[in-house]
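Following are the structures in question.
Here come two complexes built around subunit A, the first alongside subunit B, the second alongside subunit C.
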Partner chain A sequence: MIRFENVDKWFGTLQVLAGISGEVRRGEVKVLVGPSGSGKSTLIRTVTRLETIQGGRVLVDDADIASRSVDINRLRQRVGFVFQAYNLFPHLSALGNITLGLTKLRGLSKAAARERAMEELARVGLTEKADEMPGLLSGGQKQRVAIARSLAMDPQVMLFDEPTSALDPEMVGEVLAAMKRLAAGGMTMICVTHEIGFAREVADEIWFMEAGRLIERGSPAELASSQAGSRLGAFLRKVGPG
Partner chain B sequence: MGYVFDIGSVLTGKYLDWFLIGLATTLALTAVAWCLAMAMGIILTLVRMIPFPPLGWFVALYVEYHRNVPLLVQIFVWYFGVPSLLPRPARQWINAHHGEFLLAAIALGLAAAAYVAEDIRSGIRSIPKAQYESARSIGFGYLGAMGYVVLPQALRIAVPPLINQTLLLFKNTSLAMAIGVGELTYRTREVESYTFKTFEAFAVATALYLAISFGIMALGSWSGQRLRLETR
Partner chain C sequence: MLEILQNNWLLFLVGQYPHGPIGGLVMTLFMAALSLALCFPFAIGLALARLSPYRWLRLPATAIVHTVRGLPLIMFIFWTYFFSPLIIGRAVGGVETLVIALVVYEAAYLSEIIRAGIEGLPRGQTEAATSLGLRYWPTTIKVVLPQALHNMLPSMVSQFVSTIKETSLGYVISAHELTFAAAQVNNVLLTQPFEVYGILALTYFALCFALTSLARLIERRISAGRGGAPGIVVAA
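And then the complex of A and B:
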């Protein structure tokens, strides 16, 4: 579904991604962990061309996303992206945030878009906040609306860029719960997160990145048994038990 | 001295009509020029964002010309200069259709557009890039992201300075008298020269200008409150 082939990226003279290769198959959940600045966010941003790459290829459904024949706007509808800072549109209500893409990109009628949006809000438990403006929602609620906004476009993959890092601890749970339900429903996901407990529970495979390299990967069970002396083991002990 | 202040003498009969006709013309000129300024201001803003340097230079030149050449000169250029470049039928059409009003509206509108473009640009600059990125991530192209996400927010922020520009535009319409547009200042001069009541005539004009200006300012503060986005 998504394949990274020797991906290299530089910011000026700084190499932020170095020879990353890996594959995410349909229905899989990959969790990217690693210290800040290790390139995790940059890597998932390359999937929808939010970042360009200087070497290698990124393929979505076997199509090179850098190729001219790929309609990037259509690709982005198929690949949902959830940001750390939610990035809700502050001038639109929670519902308006979700219906915008449905009416303007999908051509749904207002009524149909509203119905679809309410379904997604129900999935994240926020139907009663439909008409609220984002400025009046809590961080956790904003992030759940952002997730609903992505899901409304019927993506085949969801990318999460540290979706809980900006949240107060008591709000992390509600967002992770929404993500777990999504994973349980068979959604293909790549999640950048520091929530190790979530990774252990949901990930088919954990990728550990450091300094732009993918240095370890394995299922949570494999990593748990082999992590004692590894770099990942040291990292996991530092970020705490999950 | 012995000057007797008699406001009633200029507020009767045809003089009152002249003031009202002048006021109506001023408001019409403001409205037409305002629409042009908004449309052109938005177009200039969008053109400037196209990543092709010559277009950016063109907009910069446009803005600098309109901000640095006296407005009266710009009006003369449109009234005396531009028609002389047009073919004869076009000139005749202009003369037959209140050309002075139309050309004054164009001159005032295009000049105000330069300021509008600057105000909208500052509005756009104040919107975090993440908003644009977020819209693109849903699948909007450049125009969709700008049109549905960035511009609506930027325009909100630009409303107070734009109301200010509206006020300036309204006051600047008085310059159109120089090419014979029968707006409020022009009509006031007429009343004055018929009645010799100089002070009274301009007192009436002053009161009318002030009333409309206060109206625009009130609209500004009302819309400013309405458009503010609530946050926790």
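And then the complex of A and C:
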């Protein structure tokens, strides 16, 4: 579904990704962890070309996303992206945030878009907030609207960049719950998160990055048993029990 | 002073209308509002061009903005006044001349305001729109501009205030506006220039001060809105 082949990324003279290779198959959930600045965000941002790469290839459904034959805007509809800072459109209601893509990209009528958006809001438990402006929603509600906004485009993959890091602790659960339901429903996902409990529960594989390299990977069980003395083990102990 | 005002308030307000062309304060406001409205699309175009990734759009737009901002308004008034008859083959009135000059001039300044508004938006806004699959124009029209223009509303009111003051230059080409009306009153009275131009100054001041206060009020509202209240959407 998504394949990284020797991906190199530079910001000027700073190499941020160094020869990253890895594959995410349909229905898999990968959790990406690593210290700050290790390149986690940059890696998932390469998938929809929010960042361009200087070496290697990123393939989505076996198509090189840098190739001319790939319509990048089409691809972006198939790959949902959820940001740490939610990035809701503050001048549109919760509903308006979701219907924008539906009317502009899917050509749905206002009424049809509204109906579809209400379905997505229902999935994240926010139907009663449909007409609220983002400024009046709590962080957890904003992030759930952002997830609904992505899901409304019927993506085949969802990318999450620390979706709970900006949240007050009491709101983390509601967002993780939405993500768990999504995973249980078979969604292919790459999640950058330090929620180790979430990783243990839903990750098929944890990828550990450091300084632009993917230095360890394995299922949560493998990592827990065999690598207690590893860098990942040390890192997991530092970010705390999940 | 009060007596002058009592005898001439209509002239200050609407010029010689209905016996002659409309002028005075009404025309001042009309010209300022019209030129700002007309320059709006150009200003947006210039701002977008200056932010474009394409050099062939960015460079000319940047050159235009810098050139216009580097010249005094009166140059544009003179150029329009002397050259437009050559181009269109008939004399052009003072009001048209002034509005044309102001549109060119204000477009450059307003474009800088709009550009600042666009650049001031969090990068995540365009990234979120892009990630949905929206292309440049839907992103710009539905996500970027509504927010940028809303945030820039106070600056635009300030720009309106500048424009009001700049219309007074219309005097030199006999555009019938507020300063022109004051000069007419002065020509009739002959002996009281201090009072007449005092009234003129007070009128400009009251108007501009009121608008500037309005701008501050809007500014407070907007920053309060960022703190949680729903944003008011201002359509382009």
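As a working rule, the second predicted complex is superposed on the first by the 242 of 242 C-alpha atoms of A that agree within 3 Å, B and C clash if a C-alpha of one lies under 4 Å from a C-alpha of the other, contacts with A are read in each partner's own complex, and residues count from 1 in each chain.
Assume contacts are C-beta pairs under 8 Å (C-beta built on N, C-alpha and C of every residue); 3 or more make two chains touch, one makes a residue touch a chain.
Treat the numbers as computed from the prediction; the structure is a model and nothing was measured.
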Fit or clash between subunit C and subunit B when superposed on subunit A: clash
Touching partner for A:Ala85 - first (subunit B), second (subunit C), both, neither: both
Subunit B versus subunit C as contact partner of A:Gln77, first or second or both or neither: both
Which superposed partner A:Leu151 touches (first subunit B, second subunit C, both, neither): neither
Partner chain(s) touched by A:Leu50 [first = subunit B, second = subunit C, both, neither]: both
Partner chain in contact with A:Gly135 - subunit B first, subunit C second, else both or neither: both
On subunit A, positions contacted by subunit B and by subunit C: 48, 50, 73-74, 76-77, 80-81, 83, 85, 87-91, 100-101, 104-105, 133, 135-136, 149-150, 153
Parts of subunit C lying in touch with subunit A, wherever the complex brings them together: 122, 124-125, 127-135, 138, 142-143, 146-147, 150, 225-231, 233
Complex interface listing, subunit A residues touching subunit B: 48, 50, 73-74, 76-77, 80-81, 83, 85, 87-91, 100-101, 104-105, 133, 135-138, 149-150, 153
For the subunit B and subunit A complex, residues of the former touching the latter: 130-131, 133-141, 144, 148-149, 152-153, 156, 229-232
Residue numbers on subunit A that touch subunit C, as the complex places them: 48, 50, 73-77, 79-81, 83, 85, 87-91, 100-101, 104-105, 133, 135-136, 146, 149-150, 153
